[in-house]
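Per-chain numbering from 1; labels A, B, C and D assigned in written order.
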Amino acid sequence: MGNNRRIRLGMVGGGRDAFIGGVHRIASRIDDHYQLVAGALSSTPEKAIASAIDLGIDEDRAYGDFLAMAKREARLKNGVEAVAIVTPNHMHYPAAREFLKRGIHVICDKPLTSSLADAKKLVKAAGKSNALFVLTHNYTGYPMVRQAREMIGNGELGEIRLVQVEYPQDWLSEKLEDTEQKQAEWRTDPARSGIGGCIGDIGTHAYNLATFTTGLELETLCADLHAFVDGRRLDDNAHVMMRFKGGAKGMLWSSQVAPGNENALRIRIYGARGGIEWAQEDPNYLWHTPAGEPKRLITRSGAGSGELAGGVSRIPPGHPEGYLEGFANIYTEAAKAILAKRNGEAVPEGLLMPDVNDGLNGVAFVSACVNSSNRGGVWTKLAI
Amino acid sequence: MGNNRRIRLGMVGGGRDAFIGGVHRIASRIDDHYQLVAGALSSTPEKAIASAIDLGIDEDRAYGDFLAMAKREARLKNGVEAVAIVTPNHMHYPAAREFLKRGIHVICDKPLTSSLADAKKLVKAAGKSNALFVLTHNYTGYPMVRQAREMIGNGELGEIRLVQVEYPQDWLSEKLEDTEQKQAEWRTDPARSGIGGCIGDIGTHAYNLATFTTGLELETLCADLHAFVDGRRLDDNAHVMMRFKGGAKGMLWSSQVAPGNENALRIRIYGARGGIEWAQEDPNYLWHTPAGEPKRLITRSGAGSGELAGGVSRIPPGHPEGYLEGFANIYTEAAKAILAKRNGEAVPEGLLMPDVNDGLNGVAFVSACVNSSNRGGVWTKLAI
Amino acid sequence: MGNNRRIRLGMVGGGRDAFIGGVHRIASRIDDHYQLVAGALSSTPEKAIASAIDLGIDEDRAYGDFLAMAKREARLKNGVEAVAIVTPNHMHYPAAREFLKRGIHVICDKPLTSSLADAKKLVKAAGKSNALFVLTHNYTGYPMVRQAREMIGNGELGEIRLVQVEYPQDWLSEKLEDTEQKQAEWRTDPARSGIGGCIGDIGTHAYNLATFTTGLELETLCADLHAFVDGRRLDDNAHVMMRFKGGAKGMLWSSQVAPGNENALRIRIYGARGGIEWAQEDPNYLWHTPAGEPKRLITRSGAGSGELAGGVSRIPPGHPEGYLEGFANIYTEAAKAILAKRNGEAVPEGLLMPDVNDGLNGVAFVSACVNSSNRGGVWTKLAI
Amino acid sequence: MGNNRRIRLGMVGGGRDAFIGGVHRIASRIDDHYQLVAGALSSTPEKAIASAIDLGIDEDRAYGDFLAMAKREARLKNGVEAVAIVTPNHMHYPAAREFLKRGIHVICDKPLTSSLADAKKLVKAAGKSNALFVLTHNYTGYPMVRQAREMIGNGELGEIRLVQVEYPQDWLSEKLEDTEQKQAEWRTDPARSGIGGCIGDIGTHAYNLATFTTGLELETLCADLHAFVDGRRLDDNAHVMMRFKGGAKGMLWSSQVAPGNENALRIRIYGARGGIEWAQEDPNYLWHTPAGEPKRLITRSGAGSGELAGGVSRIPPGHPEGYLEGFANIYTEAAKAILAKRNGEAVPEGLLMPDVNDGLNGVAFVSACVNSSNRGGVWTKLAI
């Protein structure tokens, strides 16, 4: 794809020592819709600039802070059209605000913000802007997650009764935040992560997956959050029971202290006419049981796999796509919308990348979980 | 084994149309410790007698009701030494009482009784009797469940933090109780099952498995029970959050409306030093993750499998044992105790078959779940 | 089942230190069709008698050798009706012959004999006798193996093209026969096992499974047998390519030196219209792929499971049956035939337990493999 | 990465309707080492040019044929430094020759050539050129394949005894080549594929994987190739037995007519001290059994995963990488070598991407298989 076809992308956060920034960069390249041309890659100006140079960004577009970047890029003739925000949570809102108000599209990591108040402000900011806001709940980009959504939307499971979703990890089984591991440090720090630890970091992914696939709206929840590791400042395990509008129920478990679980996000959905099961670590498979029939193993783009999955697949079934391709699907859908905007066209129908309202929903979920748990585990309404 | 070595066994319930009676009979034969010599196999006298004849029981020991059987067998020179009670739940107590008071050992299906009041009476009755009372929470008989218990007892997982247990089924996804299917009929009938539906039928198995393997004591729970099928009189799905004494937490899910699940009892236990996972449908495997090491797949009697599992295995690893062998292990442990008693010896140490107190614990669990749920899902103490 | 209903069973071999004898005894009890009343359980008379006493056999029916047993039992009013022969291979023929000629039914472990010459004599002996001869190729007793046979017989896979079968183990990866382990000792001894080591011990099971499920007849094979362990006297690994009559082809691998494999018998069969896969270590599942459709996981007695599997199942799907139940199915089919004979009735149709001709086929297979391999791995006809 | 850092890449083949070209392009982008600047993307000039425009290649570098491209690019100041050759097999040699002789690095799809004669010529051409030749046996790029190689190289399995490798597919179960499906058409056409069908297309991958992981050299083989679909001109199923130098043995099965198999490449390797197993469809796992210990599941970059795997991983364990990332690893290793050459430095040590000699080895394997099979399935030496 020629240079003029690619979207000029900037990045905030994601410098040396970061994790998710590198993922965003690969995701942006896979389908060749973006070129990274500017960055404010760290909150430490020197590190920000050095990190940009590492990545081959021109020196004059290697910024020491995001505000400088927003201001200058907005004035450049070929300034960035979109910016990826991949900082710790507490910086999502202040950074996004500056780009949105200058009409620069935002692709932001999850959770939306570190507080419900910020989330609401960000929804407003996005509402006022002509720019797009895309939230990288990347698991929604997996083809077989799309397949689940399509089947449920088509009524293949009948009325949904049960949603069992979980996201256990084990990397915080010990007090890793005391070892200068950067990821552990900020993710267990309320000032940077917000009021939720595990529930905010990965519980939101699980919750988002549940609503994305089923279309259900959560009504109330009852949560029991806990930090099992002595001295940890945020929860490292969350047990949640859920009641959805219309009568479906569910359970959500997220944990960072479950040895043997790496990123074991898994969802099981049961309706009156069938059930499905999907696991992130083996993402090219979707189990489907039509009631009264044998289980079927649908493979990505294989027999039984439908349009939604096919639309976000690149290679034949049996050749696994993974996490990066799922992430790239969010970037590619964002590109389709951005390019339509660039050309003054309507944003195409059927794009499914999460937006600012999904983000608000997630932050409200975290907030309700924390509130419920703090009051001893009482049923609490989701307040959006 | 010569006739004089085998224990003379009677059976209450388990006639034509029954399910679990046949399982008990096979379980009693596998290791050749019992011979079935008497029965009151149905609440309908004619059916009871015909069913006994079917099984080759002598006509004069084919009884029309359990009371007649208890009275006469207690007087016979070679009367039954033990009786298996395999009726619907509400008959466990009245039947067990009659045999216990006559000094006849009781092997009783779960749950212990259909009400907490009965459970407490049965505990007393067992306490007064010189006879043994064994409860067939058969899943505790699986070798790899024993392996889990041994490893946890040895501290291999460190302090236990989390217990995630579930038992989903799908057989009641529709209103099967309206089709004259006998199993569905009584299991959804409060008069015969008690106050718990799914939670009593299989939730108790899951709960028992959690306490058997970990040795934890439940302190409080918060339950959300529901009947998803219109008109069903007892819950067909149960969501429960648990807090154990000492600080461990857990979730329990049991369901009869989850299409694609046959008898998918599964437990995952995580401690500070490792995690284990076991699934009933593939019972010869135990996953073990020592913290910071790769997952290991321990097979029944294979490398890494210990004494407890070895003690209840019959054949080499890679040759699967199943549900019936696990059930037989309960019978065989009961036999060891009964034969010791017959010979005036002390009951051997190390037998792990569940007893009447385990049964009371299970009924108290069901009762607490129902109470919690009826009050909207509030945290409720386990009252024993 | 009353005593008069049970078949009076004797046993040859299977005393202290033996493995398979205990399996036969459990298998005979599971469905309550047999009672063990006599035995010549070892080739050492004192051990034979002591072993019988261990099992509760009456002293006067505890024999020091099988010939004495055959002679006396044949004269007793209530002598054995059937005998289980569970000795090392070389004794199958001499023992079976003595019982067959006295009209006593024989249930014999595999392989049929230790030599092709003996196999042919045994076929003759069985042909002359009015008694039944049943060979315990026990894997054919698994319900989902029957399911495979039924589906193939019904044409659900179309014309069969490929049969990939394997039986790897790891227990002889080192020279276990030097450690006084009895099983290793005789199974690696040509005098007791015959000309085949691994190929005879487990390769025959794999081959039998291939022919049982598909109904195909082997035409020629090309084998490469090898003993990887220094000084081992029989092969511990076998690679075989097969061409069946009608054009199907296949591969067979059996090994005793493949670390990580316990009893990993597995078969995959592909036809023009679909494929199936089955593994002994997870025997309650059968994978079925109708061409162009998603894979289906058929469970024993679950949806999609047919008559043959249902006929040899005892408990609901999701409650695993295992090796012993599969073995018991052979015993129970034998019992149906024996009881019919006892009552002067025709043997019921549809019984599928292997017979003496299946045994000859297996021994001919071993013989052809050894011949092919000895000549450097040339294509060799199966000579029966 | 700035433009001056990226390698200027051309492509031959891979236009509209092609499959593997798109894979190469994504693979080249993932780690940002290449930019595609020129192409001769089809053997039909108009289609070649239109396909290049599709991809955003400048019009003046959109060539109608590869020779024109080779000649002109070699003269341009910023002409391509490397070319990806992704045509049908028969064009690999003529295209590669033209670029090699002009000092342009070649990254070529497998198999090396369509004939052994061409393969030998290509080895010579590569030997004379200062340019690199990289063969995309992409499965060698999977991290856990590297892990297997590292463990075997370190002696963790002891002396290798057995290599069981297979690559079944099902997409040619019917005569797809009659339906104008382009992939089926050329892959079953001897003029474009060469003398091997299935054995050349995927059997070579399996063979390459066996030698890459173990370091073993094949001595002789015995092959039985067959076309099961009527009228097919090349084999669609291959059974091969192998004997390696030093005494190891193996089996290789490749098939395109095995319903239920998509790209089920799988290898199992057993040595005196342990065994490992890997499957392409679940590539982030490696099973390892140290002899006498439980099986371990090593995950990519997880506990137990070593340097080689870590060096070609991008994201944490539990976040699956897939086929495209494995493919990208070959491109990235090629980039490291190319950039070293550009800078006049020595090619770094430890790069493992396959080269022209691996390609010759693969073509010799196909040739030996075809020769063996044509002579009825006789043992045949590998002639290189």
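One rule holds for everything that comes next: a contact is a pair of C-beta atoms (placed from the backbone, for glycine too) under 8 Å apart; a residue touches a chain by one contact, two chains touch by 3 or more.
Given the structure is predicted, the values throughout are model-derived calculations rather than measurements.
S.K.: If you take the mean of the Cα atoms for each chain, which one ends up farthest from chain A?
M.R.: Measuring from the centre of chain A, the most distant chain centre belongs to C.
S.K.: Count the C-beta pairs in contact for A-D and for A-C, then report the pair with the higher count.
M.R.: Of A-D and A-C, it is A-D that has more C-beta pairs in contact.
S.K.: Could you put a whole-Å number on the gap between the CA centroids of chain C and chain D?
M.R.: Distance between chain centres: 44 Å.
S.K.: Centroid from C-alpha atoms only, then distance chain A to chain D, rounded to Å. What do you get?
M.R.: Roughly 35 Å, centre to centre.
S.K.: Which integer distance in Å separates the CA centroid of chain A from that of chain C?
M.R.: Taking the average C-alpha coordinate of chain A and of chain C, the gap between them is 55 Å.
S.K.: Please output the residue numbers of chain B that touch at least 2 other chains, ranges allowed.
M.R.: Where chain B meets two or more other chains at a single residue, that happens at 261, 288, 295, 299, 302.
S.K.: May I ask you to sort the chain touch graph into line, ring, star, complete or other?
M.R.: It is complete, because no pair of chains fails to touch.
S.K.: Under the stated contact criterion, what part of chain C meets chain D in this complex?
M.R.: Chain C residues touching chain D: 161-162, 164, 166, 170, 173-174, 222, 224, 226, 228, 237, 239, 241, 243, 249-251, 253, 255, 257-261, 268, 270-277, 287-291, 295, 376-379.
S.K.: Looking at the complex, which residues from chain A come into contact with chain C?
M.R.: 288, 292-299, 302-304
S.K.: Write out the stretch or stretches of chain B touching chain C in their complex.
M.R.: Residues in contact with chain C: 1-3, 5, 19, 22-23, 25-26, 29-32, 55-58, 169, 171, 261-264, 280-284, 299, 302, 314-325.
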